[in-house]
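Here the chain labels run A, B and C in written order, and each chain numbers its own residues starting at 1.
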Amino acid sequence: MDIGSNVTPAPKMKSPTLLRKSHRKIIISYIILTFLSLPLFFMYLWLFLSSISSEMVAGIIPKQITFENWRFLWENVEVGSRQLPSIWLATWNTLLLAGGLTIIEVIISVMAGYALSRMEFPGRTFFLRSVILLHAFPSVALLIAVFYVLDTLGLIDTLWGVMLVKAALQIPMSTYIIKGFFDDVPWDVEWSALIDGCNRIKAWYQVVIPLVKPGIAAISIFSFLAGWSEFLLLYTFIFDDQNITLATYLQKIIGDFQMVDYGLLTAAGLFYMLPVIFFFIFTQKSLMQMNMGGNKRV
Amino acid sequence: MKKWVLPYLMLTPFLLLVLLFFVTPVVITTIMAFTNMDYSMEWNFIGLQNFEKIVSDPNFSQIVFNTFIYVGFTLLINVFFALLLALLSSYYIPFEQSGLFFRALWMLPRITPPVVYVLLWLWIFDASEYGLLNTLTSFFFSNDPIAWLIDHPMTAIILVNGMVGASFGMIIFSSAIQSIPRDLFKAAQVDGASEWSVFKDIILPSIKWPIMFVTVWQLLSLLTSYEYILLLTDGGPVFESEVWPLYSYHKAFKNLEFGYGSALSLILVIIAILLTGVLLKLFKFNRMIQSSRIE
Amino acid sequence: MNIRFEQVSKQFSNHMAISDLNFTIQDGEFVCLLGPSGCGKTTTLMMLAGLYQPTKGNIYFGDQVINHLEPKDRNIGMVFQSYALYPHMTVRDNIAFPLKQQKVPKKIRYGRAEKTARLVRLENYLDRKPSQLSGGQQQRVALARALVKEPNLLLLDEPMSNLDARLKIEMRDELRQLQKQLKITTIMVTHDQEEAMAMADRIAILDRGEIQQFDTPEQLFAYPKNVFVARFLGNPPMNFLDAEIIHELDGMIVHGEGYHFYLQKQLHIPNKTKITLGIRPHDLQVVSERRGIFSAVVTNIEHLGREKLLSATMGEQPIRFFVSNDQKIKYGDRIYLSPNLEAIHIFSKETGENLLWSREVSYEQVEGKTGLI
């Protein structure tokens, strides 16, 4: 027996047990995780199944497929004695709110994020601290006063008012995120632009902004979804049916029914969730990043 | 043009919105707390009467109790359940793809619009035999259907909020765990370290700070938000699941007692400011400040 | 256009990066800034570029103070260590970018960009993005972008540190030729002394924010002004030995541990002054015991191909020297060495100043010798 063969068997002898042990660990982990995730899985499965069936057995097994639940797409639904506005009006309003919010939020936070990341001015440290502070500050506690402010500005019961408030609540976070992207742009690229004849602003939009496109995409998705999902502000500040959005539309069906029509509700809910599902599937990485930044929702 | 004109110009829209919807509201809340403003929107100063009213409010003790229970238990779920999910999906399951799948699944509650998310729970808690919980209990124990939201409203709101918050903690803990060099685990395995000691000596130190951060962050959010409760039980039945911030909301927007509502809010605002200070300490702030390199 | 630094200092919050810099660069000259990491080379370039502003002192382009001139108004070209290409633009747009800022019409702009691209042999890569280029190609794009606007001054910050050894040597020649052809005043930062020696008309050696010596490569090598320059230049580095000076009639005796020799030179320093003796490895020769001045024991032999580099110790002090391949010397051999007395250096132990040459070689003399090229 030579020295070489004396050395090699040692790990070989040990690895099967190691392997078996860690295999068992992994399998148990899968079982636990799957078990914990089952309710979640069933919830979303039910959402889909219920939206296309007229009756369900044991709560989850469809008896008959129907599109009757989706009738809100082509007719105005009646809730109790009241007729709800068209879903398309609600969709349009939601789109308006989410789109407007995205534009406002992106423009403001890209400007502020750049200034905070890259420029020197008195009070910079103070501003940076405030951004984090505002980011963490639970603004819902201020809703009553915000109501007063909106009322004073004549923006109560308008989508614009909600859009502005929501933007204010969101910009600390998106500024903080986009600032991180600006921080990562190499200085010498910006220096090059200055030497090549740009002033600070030109260097900013010709060279730096194209380099933070992923960040801009991330905060755009994030603010769009935030606007799309918004409920509380709309519920509190909007009364007119002309300004109805999908969130309040859905809430009206939930709230007004004595006997809940789950078919209609789930169909409308699924319809409402479509963009969310779309972004969830195609932009998961950004969404995870956003949540690292700590989005405020409990 | 002075050097700092440009950065201030770029910050102006930001500052305007912050001034309008953060600074002004804090001031207004503070002032309004000392008035008895109602639907007439008149500023009648009444000194400390609102605060006396809070203490003598017949619902006071129940609401404080509810708030403690709600915040405490939800926080436990937010941190420990999140930790469990993160450990399972990022450490015990070594395959990137399946770990990612579970984490993505647990992101769902967070990105689902609140109205839809609550709708899903309404089905689970449905009082008829149609609801998921009732289906299960009647199958296993042949019980009669239970009106969960009426019999156990606190449990319901804790579960609903716990699950949303858990995904936040899970994401943060996962990325902390993933940033531990894999070699460390291998070395520990070779050294024959026990599971417990791997957790205690390798994983825990690297997630200590994230745990603190998540705890304070969630504490802050839980203390002041009520969106899901509003949608699920609206504080009911009667005041059984009413928490402090929701009470303030109800007072202001249901009873139109803006003054009293503000006084209730003001107390939350003060607690929130204190907690934000703690949070700011927890942030590794200096790492974020890089000075400009163009003069 | 001359470039002149006058008492220029740069202070970062608590750290003096450059102190009291004084020097003049002639029109069309190729100057290298050479020095160890952190000595302020980049800072000096950045002040020239206008990205940093001097805390104190003035920088002149010609006879105009340009301390507060914006970078865009200085008509300079700059190549950064990382090349700093615009990743979202094609090579063509990268090169044309400076002209775009000058509002040169698109057609003319692209025409000039293509001409410059040909100059650096990039004409076949115009439609690629920077990420699709090799390091050497990227470096040439950066160079073309710096050259396209025909700058008065070209600044290069370690432009070749990311290239492999062979490409480096190739680019060296190309860059040097290009610079002579276009007659652009050029300042290049490097910490590779060979590169500086090979390319520069004059080299400024920096240490801790101060210029140690500003001379032609030959002068720097032959007449280092102080220990720092002597130690910094030359590979393998100069040998340093402790010694003291004893005055004699017509000359002096250099006396060290285990050796002494007579030097027919006079120095105006007190008797028995402690000095540092400097001898380059190439200026030492293995000789017979009788003619040897230093006696040493061989501790290491490196084969360098054409010759061998030997390390030895004299008592405590290490010494290195070259021998030809046919000399049969083994580890542990005792050998005897004799220095070329014309090429030795004597530095003050106290100040590090070169006592033999500092007076002979004055700054003006050297400047007169090179001047314009």
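Note that in this section contacts are C-beta pairs under 8 Å (C-beta built on N, C-alpha and C of every residue); 3 or more make two chains touch, one makes a residue touch a chain.
Given the structure is predicted, the values throughout are model-derived calculations rather than measurements.
Which chain's C-alpha centroid is most distant from that of chain C?
Computed centres place B farthest from chain C.
Count the C-beta contact pairs for A-B and for A-C, then tell me which is higher.
More contacting C-beta pairs are found at A-B.
Any idea which chain sits dead centre by C-alpha averages?
Central chain: A.
Quick one: report the Å distance separating chain B from chain C, using the average Cα coordinate of each chain.
The answer is 61 Å.
Taking the mean of the C-alpha atoms as each chain's centre, how many Å separate chain A from chain B?
Chain A and chain B have C-alpha centres separated by 16 Å.
Find the geometric centre of each of chain A and chain C from their Cα atoms only, then give the gap between the two centres in Å, rounded to an integer.
The mean C-alpha positions of chain A and chain C differ by 56 Å.
Of all residues in chain A, which are in touch with two or more distinct other chains?
Residues 191, 194 of chain A touch two or more partner chains.
Tell me, which residues of chain B touch at least two other chains?
Those would be 293-295.
When you check chain C against every other chain, which residues touch at least two of them?
51
Under the definition above, what is the set of chain C residues touching chain A in their complex?
46, 49-51, 70-72, 74, 76-78, 80-82, 84-88, 97-98, 101-102, 145, 149
Flag every residue of chain A that touches chain C in the complex, lowest number first.
186, 188-189, 191-199, 202, 207, 210-211
Residues of chain B touching chain A in their complex?
Where chain B meets chain A, its residues are 3-4, 6-8, 10-11, 13-14, 17-18, 20-22, 24-29, 32, 41, 74, 84-85, 88-89, 92-94, 98, 102-116, 118-124, 126, 130-132, 134-135, 139, 161, 163-165, 167-168, 171-172, 175, 189, 217-218, 220-228, 230-231, 245, 248-249, 252-253, 258, 261-262, 265, 268-269, 272-273, 276, 279-280, 283, 285, 288-295.
In the complex, go through chain A and note every residue touching chain B.
It comes out as residues 18, 25-26, 28-30, 32-33, 36-37, 39-44, 46-47, 50, 56, 58-60, 107-109, 111-112, 114-122, 124-125, 127-130, 132-134, 136-149, 151, 164-165, 167-169, 171-172, 175, 183, 187, 190-191, 194, 200-201, 225, 228-229, 231-232, 235-236, 246-247, 250-251, 254, 260, 262, 265-266, 269, 272-273, 276, 279-280, 284, 287-288, 291-292, 294-298.
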